[in-house]
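One chain, chain A, appears in both complexes that follow, with chain B as partner in the first and chain C in the second.
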Partner chain A sequence: MTGLFDEVFLAALLFGAVTAAVPLLLAGLGEQMSEKAGVLNIGIEGMMILGAYLGFLGAYYSGSLWLGFLAGALGGMAVAAVMALLCVRLGLNQIVIGIALTLGLEGLTALLHHFQFSRSYPRLPAADKTAIPLLADIPVLGPALFQHHLVVYFAVALVFVMIYIYRRTQLGLNLQAAGDKPAALDVAGIDVIRTRTIAVLTTGALAGLGGAYLANVGAGIFIPFITNGAGFLGIVLAMLARGRPLWVLFGALLFGVCLSLTTAMQVAGINMPTDIIQMLPFLAVMIMLVLFGRKASLPAALGMPYERGAR
Partner chain B sequence: MSVETTQTSSTALEPAIPETGKGDLLRRLVMTLGPILAALVIAGCILLAVGVDPLAYYGFVIERGLLSPLGVQQTLTRMAPLLFLAAGLIVAFRAGMWNLGGDGQFLLGAVSAAAAGPFLVQFLPTWLALVCAFLLATAVAMLWSLLPALLRAYQGVNEIITTLMMTFLGTSLANVLVKLAFLDPSTTVPQTRTLPVEDRLPRLFDTTISSGLLLGLVAIIAVHLVMTRTAFGLKLQVVGANPRAAVHSGLGVPTLTIAVFAISAGLAGLAGAVDILGVQGNVRADWNPAYGMAVIPMVFLARMNGFAAIGFVFLLSILSIGGESAARRLGVPHHFTLVLVSIVLITLAIAEYIDHHFIKTRRV
Partner chain C sequence: MLNKLKYSVSALLLSSFMLSGAYAADVKSIAILTPEEGTDYGWNQQGVEAAKAAAKATGVEVILAQGLGYGDVRPTLRELAEEGASLLIAHASGYNTSAPEIAKELNVPVAIVDTPDALTKGLIADYTLSGHEGAYLAGRLAAKMTRTKAVGIVVSGEPPSWNSQSAAFAEGVKAENPEVKITYAVIGPAAYSDAAGGKRVTESVIASGADIIFGQGNGSSFGMLQAVETTKATDGGKVYFIDVIGNKSPIDKGFLLSSVVWDITPVYTAMINDLKADTFGTKSYAIGVKDDSVKLLKTPAIPDNVWSEVQAVRDDIVSGKIKVEPIFEATAVRKLMTNVAE
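What follows is the complex of A and B.
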């Protein structure tokens, strides 16, 4: 147990927590928007895994991390477009299509990875970090929280953008209505299908970006099934946050600490089987669901396709 | 007796309504085979894209999974756990509960059976030891579903999330149990103690097919009959179709919810036990065939009808056994089966939509 609390270790732990939290934050914020608009987006795991794969591919072949992120976000959006077409426009069962997309893309990315990289397992160079002036000089907290890749700051800023959208804009109101009372939105002359499509596409872009960050910055490599339930954790975050973006941030950080602890304990050589440590984040989810599950309120029309004139 | 279930949440993929007349049956057949063919073509294009001859791949799958004597026996044996899983999913889905935790329940059932089987055969008659192992596997899997069941029944927490989380936990816990609690000290491979071949479920006649297949068939037919022919099944269907209406008609929805989860998880646990006691004999560390996730689409394709599910499970079994062999010969990882299954699911959902919105309305 020596050194568990020394400064370097603590800084590394927190740094890892933020790195682990960012994909969850992006997925959670994305899922929150879909759920607000009445679409339960189970396919988010599939969007993340394709984002991770394309993000890695883009960064690996172009040599630019930013092109990788772009590719990841576009990949996530492409999956979201399929989901929007099938579930929002055609009104097919969101759970069935969501599972199908997740399974299929997990299989497809594993298949493609096998043919491309299974012999070489190439890695990306470590990502550039941007230190925030002054704040980065704080001992322990500085290197842990304020020396990250720019996408991290973008993700945190996005929390406040989302708050602004939900509270102050017409779009936010429309999204809310699309989830709670789609018929009312329709009567007000706003296209429910279009509003929900915007929400699902945004979810796809954010989930894809989250996946790309996970592969490019978090791991520096793409391996099959790399997301390992991160998308599902995003869904849990969105459920528990009850529509509030700030809660998604706190929740993501909490899970980030759990995930980071998992790696930290392994590095510190604490003698515990990895399987037990790997259970931590999911255990944390179950405990949170037991404690706060009752309060997890969801929009009234969640999961129901909207068809004009249908009862 | 049949129940007209109008699901509130979806227009597509409703539970099957019994067919009337020949034309309807033909339409059903076209609407099922058409999407499967389309999916085979699309998946074939993916194979082409990665430089594998799709005809050779499908050829190997059919040859190994269906035509070779040894292969078809393996296919039939593989059906046993899949049938139990499908039976469990039919109960849950018909009652409107999304038990997506099948894999965790399956693995914990498998580990329980693998721990109990070799231990009990030492001082019990084989048949009694096997029965006890089956019962233990069922009980453990049921227990694993209790928390999601309680959360759904009394707190209204979405069971999709909780069962998925429990499946992640269950997979890790199964590994922990194999590595720490039930490790076989006599081998270097981390695995549980092996049930001797002569103590496993008997094989059918002179073949290598495990009698687990019969148990699986009995389970899924029983589930189908219970869901469509009994008052209990009717109650569950009402809960699935409209939970609020179920409350108003005086059904004890929380109790029924817990019962559904227990039955569904218990059957998943049996699936694990039947695979261990009939075929594998032990559980190796990090063993997770992920049958549960692959069976979910089959149950949908069968429109939650037990008899149709037998057919689709047979198909999945061919794909799975044949896919493993084709994977070795052509170097295509078995993940391709996942891709194929998911494309089938999507094409089927689209076909259902077309059926629902164009063909039916034209006839009316």
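What follows is the complex of A and C.
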């Protein structure tokens, strides 16, 4: 029996933490962009589940994980397009539409899965890993943090891309204004609807990619309801991070590490109710983000549809 | 006055007799509600197939409501009651609150799981089943087959029926070989469809040294299976999986060691008969190795001599020579795991 502090076991725990964090990170970054632009995207769970389904479908039939990820991202975008049409263009209630999309897509994907895979339950082969030279050779941390699928590195890099966009580009300013003072943005000659639509579509693509990663790499299979609330966790991360992409990364990683910690505690045989052990990830993320992210504020026009000239 | 009293008593007796007769004759259809589709080679499939078989055996119709998820099923329960189902089988521990509510609201009998205290004559029956005898056999099998002398238990929740199997598996392992270490990990409080969590936790348990995984998880068990198929044991060899409730042989890629297979047909049949006899909700139901409603699955991965030894243990359970008591409480199970994991 391997000891708790054995290199293989620790590496497996940390590797699992990163794998669990990536879908949350992608969903959280996506949600953050929507919220910055003033759209409370409750439908992100639905975008993730369709992304997971189409991502698995794409990877399974093409034999390429990359095509799977592309299919997942496009699937998420398709749902986002509906959300953008109904909530951004037509100004319908964002919460109601978001919940409806989620429930509808959970049912739809379960139904499609039933017809296609419910007798065969196909599984994908293990995903290829890309080792980062030198770093991958570090004991424990190397195999845990620097030997992952390329999507993992992409997700982390995306955090810094987002920071750059929000701080240094016109698009970032437009997004911020669309969420804080959409009328001012409109007066400045920037199309608020278009800006918000871009944000929602980006959210869909990222959530879909997160769902595809969850199914293709995280689980290696698609089953109904596989996202298991990951989209809602993404919303929580985005809201607690309050506009800061780095805090989404931090929150997602903290959540993943705490998940692995719960496994470690159980494997160690710590005699504590598992319900309490499993509250740890949620508690830790909330405490940390509330403590350190409380200075930032949510956009003033969050959740409010924009109508030119309306008071 | 006396005549009036006689008439009243007679009328009361006659109407009671007619009502009870009508009640018995009214069992025309049953309905089963499952959180996932009845094609999962596990809990949902065994429930659906058992409902069909029991309905056929008793000459009633069956209505299937599958893939309902783990949320609020009150609308579905009401709809099925309005369709005339004489019995609603709420086949998920997550339905334990809503089903009794609907039973009382619409006066329609329901069967629920994991709530033995809820028995109500004529209205609520509980079928907290336990395959603990089969799980004990699985533990004996695992202890005989492990190369690393370490086995793991991964569960996606801690409902009573799974607790009893986890505990019995551990007892079986220790009875066979006290030197074998047992690792126990719960994916989440109700992570029944968390396939990614199943894979992640199982990979960690394998990394801790286990080369046989006893998995209980509904949809999440496919993640466990995926982990077993794509992860090598710490000795570099193959990891095997022992499943519960259903038979995943048709989708096995050579990693399925066995399964504690349940047949719930006798339970549902007894429920329908109890409804007809007006004794519904008055007793608990059980499955076991004696009538093969619980049995260990034989796969090509089990050598014949090992299988014979395990079957001998089964015979000892049937004869009463070995007694396997169910442990339903999660706290008791965890205590047991702590002890055996030391």
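Keep this in mind: the second predicted complex is superposed on the first by the 272 of 311 C-alpha atoms of A that agree within 3 Å, B and C clash if a C-alpha of one lies under 4 Å from a C-alpha of the other, contacts with A are read in each partner's own complex, and residues count from 1 in each chain.
In this text, a residue touches a chain if its C-beta (ideal position, glycine included) is under 8 Å from a C-beta of that chain, and two chains touch if they have at least 3 such contacts.
From a predicted model like this one, the values you see are computed outputs, not experimental measurements.
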- Scan A:267 for contacts with chain B and chain C and give back first, second, both or neither. second
- Which holds for A:92: it touches chain B only (first), chain C only (second), both, or neither? first
- Applying the touch criterion given at the start, work out whether A:48 contacts chain B, chain C, both or neither, answering first, second, both or neither. neither
- Task: Figure out whether A:159 sits in contact with chain B (first) or chain C (second), or with both, or with neither.
- Result: neither
- Should A:84 be classified as contacting the first partner (chain B), the second (chain C), both, or neither? neither
- Message: Contact-wise, after the overlay, does A:275 reach chain B, chain C, both or neither (first, second, both, neither)?
- Response: both
- Query: Once the shared chain is lined up, is A:290 touching chain B (first), chain C (second), both, or neither of them?
  - Reply: first
- Query: In the superposed arrangement, which partner chain does A:224 touch: chain B (first), chain C (second), both, or neither?
  - Reply: both
- Message: Going by the contact rule set out at the top, does A:108 touch chain B (first), chain C (second), both, or neither?
- Response: first
- Query: Do chain B and chain C touch any of the same residues on chain A, and if so, which?
  - Reply: 106-107, 110-111, 114, 224, 273, 275, 278
- Would you tell me which residues of chain A are touching chain C in their complex? 1-2, 4, 6, 8-9, 11-13, 15-16, 19-20, 23, 106-107, 110-111, 113-114, 118-121, 123, 125-126, 214-215, 218-221, 223-226, 228, 259-260, 263-264, 266-275, 278
- Task: Quick one: which bits of chain B touch chain A in the complex? Just the residue numbers, please.
- Result: 8-13, 46, 50-51, 98, 100, 147, 151, 155-158, 160-162, 164-166, 168-169, 172-173, 175-176, 179-180, 293-294, 296-297, 300, 332-333, 335-339, 341-343, 345-346, 349-350, 352-353
- Message: Looking at the complex, which residues from chain A come into contact with chain B?
- Response: 40, 42, 86, 90-93, 95-97, 99-101, 103-108, 110-112, 114-115, 224, 229, 232, 235-236, 239, 273, 275-276, 278-279, 282-283, 285-286, 289-290, 293-294, 296, 298, 303-305, 307
- Could you please specify the touching residues of chain C with respect to chain A in the complex? 36-37, 39-41, 67, 69-70, 148-150, 158, 181, 183-186, 188-189, 191, 193-201, 203-209, 219, 222-223, 225-226, 229-230, 234, 250-251, 253, 330-331, 334-335, 337-338, 341-342
